[in-house]
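Okay, here's the structure, questions in a sec.
The letters A, B, C and D name the chains in turn, as written, and every chain counts its residues from 1.
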Amino acid sequence: MTLLSAQSIKKRFGGVTALSGADFDLRSGEVHVLLGSNGCGKSTLCKVISGVVRPDSGTVRVKDRLLEDITPRLSRERGVGVVYQELSLVPSLSVAQNILLGMEKVNGLGILRDTKNEEALEEIFSEFRDLFPRGFSLETMVHALTPDLQQLVEIMKVLARDPEILIFDEPTASLSKEQIDLFFGILDRLKAKEKGIIFISHKLEEIFRVGDRITIMRGGKHVGCSTISSITRDEIVHLMVGDIFQSEYRKSSPYRSGRELLGGRGLSGRSIREIDFSLGQGEILGLGGLQGQGQRAFLLTLFGVEPLHEGTLEREGRAVSLKSPKQAMRESLAYISGDRKKYGVFLIRSILENLFISRVILNTMPLFRRKTLKGSADSVIQDLGLVYDTLDRPVSTLSGGNQQKVIIGRWLLNNPAVILMDDPTKGVDVKTKKDLYELMERMCQAGCSVIWNSSDDQELLQNADRVLVFREGRVIRELSGKDLNESTLYRAALGVDDPAEEGR
Amino acid sequence: MKQHIARVLDPTVLVFSLCLVLLAIGQIVSPGFAAPRQIINMLVVASFLGIVAAGQSLVVIGGKNGIDLSVGNLVTFGAIVGGAVMRQQDQRLMLALLAVLFFSFLVGLLNGTGVVFFGIPPLVMTLGMGIIVAATNRFITGGVPVGGASPLLRILVVGRIGGVPGILFWWILIAVLVLVLLHNSRYGMNLYALGSNETAAKLSGVSVVPMRIITFGLCSLLAGLAGFLYLGYLGSVYNITLGDKYTLASVVAVVVGGTALTGGVGGYRGVFFGAIMLQLLESLLITLRMEQFGRNITFGVVLLLLIFMYGRDKKLRM
Amino acid sequence: MVKQFFSLAGAASGVKMFFLKGEAWRLSFLVMLALVAVITAVQPGYILPYNLLVKLRTWLPLILAAYGQTFVILGGGIDLSVGTMIALVNVTAVEVMAAGGFSPPSIVLGLLCGIAAGLAAGAVNGFCVAYLRFQPIITTFATGIIWTGLALWIRPESGGGVPMELYDLYSGQFLFFPLVVWVVLALFGLSWVLKKSSFGVHLKAVGGNAPAAFETGLPVARIRLSSYMICSVFVSLASFCILGETITGNPYAGQGYDLESISAVALGGTSLAGGIGGPVGSVFGAAILKLVNDAIFFLGIPVNFQRLMQGLILVGALAAGGVLSKKNRGKSKDES
Amino acid sequence: AGRGEAKSEGFVIGVSNPWVGSEWRTQMVDRVQEVAQPYIREGFIKEVVVQSFDVPLEGQIDQIRNLISRGADVILVNPADANALNPVIREAVQRGIIVIATDTEVSSPDAINVAIDQAEWARISARWLVDKLGDQGKIVAINGISGHPANTARVRGYTEVFRDASGIEILNQVNADWDNALGQSTMQNLLATYPDINGVWVQDGMAEGALRAIRSAGRDDIYVTGEARVGYLNLWKETGIDGIGVANPPGCMASALEVAVQLLKGRELKDGVLSGPFGNTLYVPVPVVVTNLNFDTVYNEYKGYPDYYSVDGHITPAQAEQFFK
């Protein structure tokens, strides 16, 4: 039975088209996987279904009933439950309050019926109890929980509503292996109860493990729908990225060992442990492994944001202590993040300001003329192939890819020696990606070095001269030369070859 | 097309046009309202608010619920300290100015420290600091103001060059400095970055803590300076609540000038005209012989309309 | 290693829970008791039931205003118009009563009209903030100006010939206990109800993370609107207390109550960012503000130091609260 | 101790002042303490306890209650409202406390008021203005806080006078909240709006602001009323205007103290000395009216005082006795 169908949904955010006519349907008793590259509109589609985003056009039907002017409240009443990618928890409320939020059992006066509520909580929590630390109480405030536990709370919250249609937007991204196993167990049971499940994940093995059908999206609409059993990985990837990605890129000039630009011994911090590394001039050092294993923390530590608890950091042989981004900038470090909305861009400010903020901070003169700034940006803008109208426009009028170029430009203006890149191609299209790869190669030839964290293994292997594989905050392997291939990387990331891991 | 509309609704343009409209209405109902002399009079009255609002806009642009409710008391403080140090003597003018600037800056640093290091919301931190400053005012004066403006200060403020009183030159000078500070200085670029995205600002090298503290300092400093100039206008301090009216008025001028209380946008151009607009409106309502209640209601409604145009929060449902 | 991490987090959350379990008012309660003790030490008569009762009568308006303000702040807003709303309610009630010659029915009608005026004002505030998404601070400041205008329109100056009976009513007894004692008891009762009700949780959810509350399906706008309207009911009651105490129709009644009520809320341990705290603390916060004044008077502190002490105590208490809550504050709503 | 018998440890005098914003109030409080000194020395008065703070109406009620707790025998209040304090005054009087209101009159039958007649005070300068203008001309008025009883009485006073002078036209009346600075800017506005003003009726510190505005607009053809404050007198001297300054004495509370002393001594008021709108007011005379006729004398007497100082006066014990049987 078709539980849900969405037809030709369109949605634009300002200048960006998030959905350009997406179709989707969900049957009862299936896990329907939604797949597509970053920014292709998966989350937006889910939000349209749940009423958080109001579509420009298109229809959503639940059990053949048209949902008009959907609000989250309405969709919930019609049996839709969503685990949002960015979670929808209230940090200052307790776990129990969050789980039951909006569906507490009350008496006629609006007073909570404690025993009933507790029963409901117990029922849901019993399954998850083992995953929570000993002594954990449901009265704990959500903000005190680690991200993985918060994710579990969000899952419990949806289960508590016992919806017929469940949407899970990248729920496994921050979960550990045991947590994921439990989650998949739950999915199986929901399936058995004839619920319809939409599951979003970027991890192909998960998709093949639990999916029944798959819809692949690209550029805001679906480009294919099939049962899992009748599709191969290659076909999926092909559908996801299209034909453009034929020309295999590979960093051409190999790393010529030169001076060490940056090096560290025994670096430990909040989420990194005893990391040794050395970065030679002209080298691209990749950071790999599963996501969230300390790669970002490592970069942020190098950039002076996260505190370094132990170990020494050397810049061209000189011991340095970097306590703030500003100090790191003075040592010619640059930090480019792919999570530009949060870490990079000043959406409401002009392109000019976005470009020059760091340059101006390093200037000796505290004053400047905007005209002069504009002039001095020319070469960098050309280098990047930035497309813009005037530099005084807010950066939010640019597309994501161009916004990303602005951030890269910001750092190029500082003539960096070491570029730290934190998943810089997130939500960037293929052409721009390729431009970026070539730019980095040119930078390396000009004497820079790059440390490159990427969640895209393909990208990592194509660009890096060496890859440090992270696991639980440690570097568990260094790959180079012929080891730079997907299977080695994958095995290392999962700890397959690591004798220490075997006993676990 | 959309961009076209956006440009028409540019707060500075809007507020400026509103000023012209108010002048026109005033001139029609009461000929002479828009006479140069009257305009200058209104500008003089607006100037003090304009200077206080300059500081206020810095704090607001810096974001994180930035607001300074101690400015009114600092205006009084500036006038009182200025008068007490100057004791009507020209040779003590510089000393008095420096004292005012130094101590009001210090108050601002304390505000900033409370906000940054103790996590006190700016609203209550500055409210509490306002009480302390008011108390200090009382303490300095013992309830009875001491000293007064020196002749030179009076000339500098109310003396006229070509019919234009000195205070307007000072205001323009301060406005130019603030505009340069906001749009052509490292500080300004950092401030806007901070207000629009603190995390990104930090990762771009902005020193968040000093920036915030200094911004509160500058705000207080400008309020103190406004008080000092006000002393020149008044001659002596008669009333230890004389600055109170500037506290919320400065916030209103900031909002009317198109600087969102959420931070990161706006600037002094709009606020400059915002201060003038408020004064024009006030004058017009008086000229219309509108009774107090009518003035209040009109004023409130105009304010709500302006908020409707550009003082709104983001939608929850996108 | 992972397990170890968990238990650390668990211990930390235990410490945090101690402060955050909605018990921030404990601190304010202690401060309040301490102030009473200090005053009693120099003025033993202070703690006599008669005196405390009389005190309660003058404090009640601020207590009620702060109580109402708490709802708005918990929901993520702020109301700078409570002071002028007090005036609007006051003159409305007095005018209606006067029209009826202060007969008992007209008094009841006057009170009802007063509440209606308050509710209307609260509804306008709430509508602008919740549905039109106006920024609360500046919006309620603007509406506050309008309330003053309306109050002046209804009654340009104070007076109204309110009979002494109204005072007798306010200071009188009701079911063996003074009326004001009942009111305070009712406030504590209501706090308990709020804590135990789903509305209380929803309000905090909206104040703590409005987008999340919305995504969860809570009627965010309606909740914010009701927070303003609930506030206006308590503000109306505050206005009636002032009326009972001053038996005057006064278009300037309630001056200063806006900022003072906000200070009381902050002193009571409620986060001005919304989502954390509760109205009980505000009762104590309001009492602290009043007690500080009394302490200053009875300790014989010179007039010129009084305000200084007041300011220092306010900032000091806020800083202490800030330090405490900084240790256990939730990730602030929008880190960006 | 009841009235009429001296308390062995002396009487306690309470002072309640709900607004500390102006120097006039400071002078009022200072003056009453000064006048109490001789009585304190002779042991008749034990102490003067002051509650002086910016408070709203209910705050003043709280002040009075604190004074009751503190054991005051007399409470001198400068009331913020004519009616609002009646209940608390009754509370105090029921406990045998003498309550005297000053500056503004309260309607409570339990208290007496000792004050100058604000309406008459306003009439003095209004009459002067009419006189100077020769019964012909356009004037504006700058008032204090709208709704404040003293302001209302004053407006009533001058309105009567101007109404009776047929050739006088009031162009506009604006409230400047007894704020010197606001007075100055309001005057600027008015000048620009009405170029043909002949006279300004203005009071309090606002008068100085208004005069400054008029002078800096280069107008010397406008008659201005004013209040006898040192700053105003200085400006008067400096500009050489033909002016008037009517004293509104901060010493009124000291006068109230003198009356209280008589009451504490057990004396009774003569019949018929009480008058006023509520029939409970003891009017004391306006101490000084400064015009060009006596300007130099007054100026020389007050020359050394600071600008904010009001030309003052209060009744002497002997004058107080005149009111009593």
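By our rule, contacts are C-beta pairs under 8 Å (C-beta built on N, C-alpha and C of every residue); 3 or more make two chains touch, one makes a residue touch a chain.
What you see is a predicted model; the values in this text were computed from it and never measured.
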Result of counting contacting C-beta pairs for C-D and B-C, higher pair: B-C
Most distant chain from chain C by Cα centroid: A
Euclidean distance of C-alpha centroids - chain A vs chain D, Å: 72
Distance from chain C to chain B - Cα centre to Cα centre, in angstrom: 30
Distance from the mean Cα position of chain D to that of chain C, given in whole angstrom: 36
Centre-of-Cα separation between chain C and chain A, whole angstrom: 43
Two or more partner chains touched - positions in chain B: 138, 142-143, 197, 199-200, 292, 317
Touching two or more other chains - residues of chain A: 52, 71, 342
Chain C, residues touching no fewer than two other chains: 152, 156, 211, 214, 303, 306-307, 329, 335-336
Every chain pair in contact, whichever chains are involved: A-B, A-C, B-C, B-D, C-D
Parts of chain B lying in touch with chain C, wherever the complex brings them together: 65, 67, 69, 114, 118-121, 123-125, 127-136, 138-139, 142-143, 197-200, 248, 251-252, 255, 260-262, 291-301, 303-304, 307-308, 311-317
Chain C residues touching chain D - in the complex, by the definition given at the top: 43, 45-46, 51, 54-55, 58-59, 61, 152, 156-160, 162, 164, 167, 171, 242, 245-248, 250-257, 290, 293-294, 297-298, 303, 306-307
List of chain A residues in touch with chain B within their complex: 13, 47, 51-54, 71, 303, 305, 324-326, 329, 335, 337, 342-349, 353, 356-358, 360-363, 366-370, 410
Chain D residues within the chain C interface of the complex: 20, 29, 50-54, 56-59, 61-62, 65-66, 69-70, 81-88, 90-91, 146-149, 152
Complex contact set, residues of chain B against chain D: 30, 32-33, 35, 37-38, 41-42, 44-45, 138, 142-146, 148, 158, 230, 233-236, 238-242, 245, 283, 286-287, 289, 292
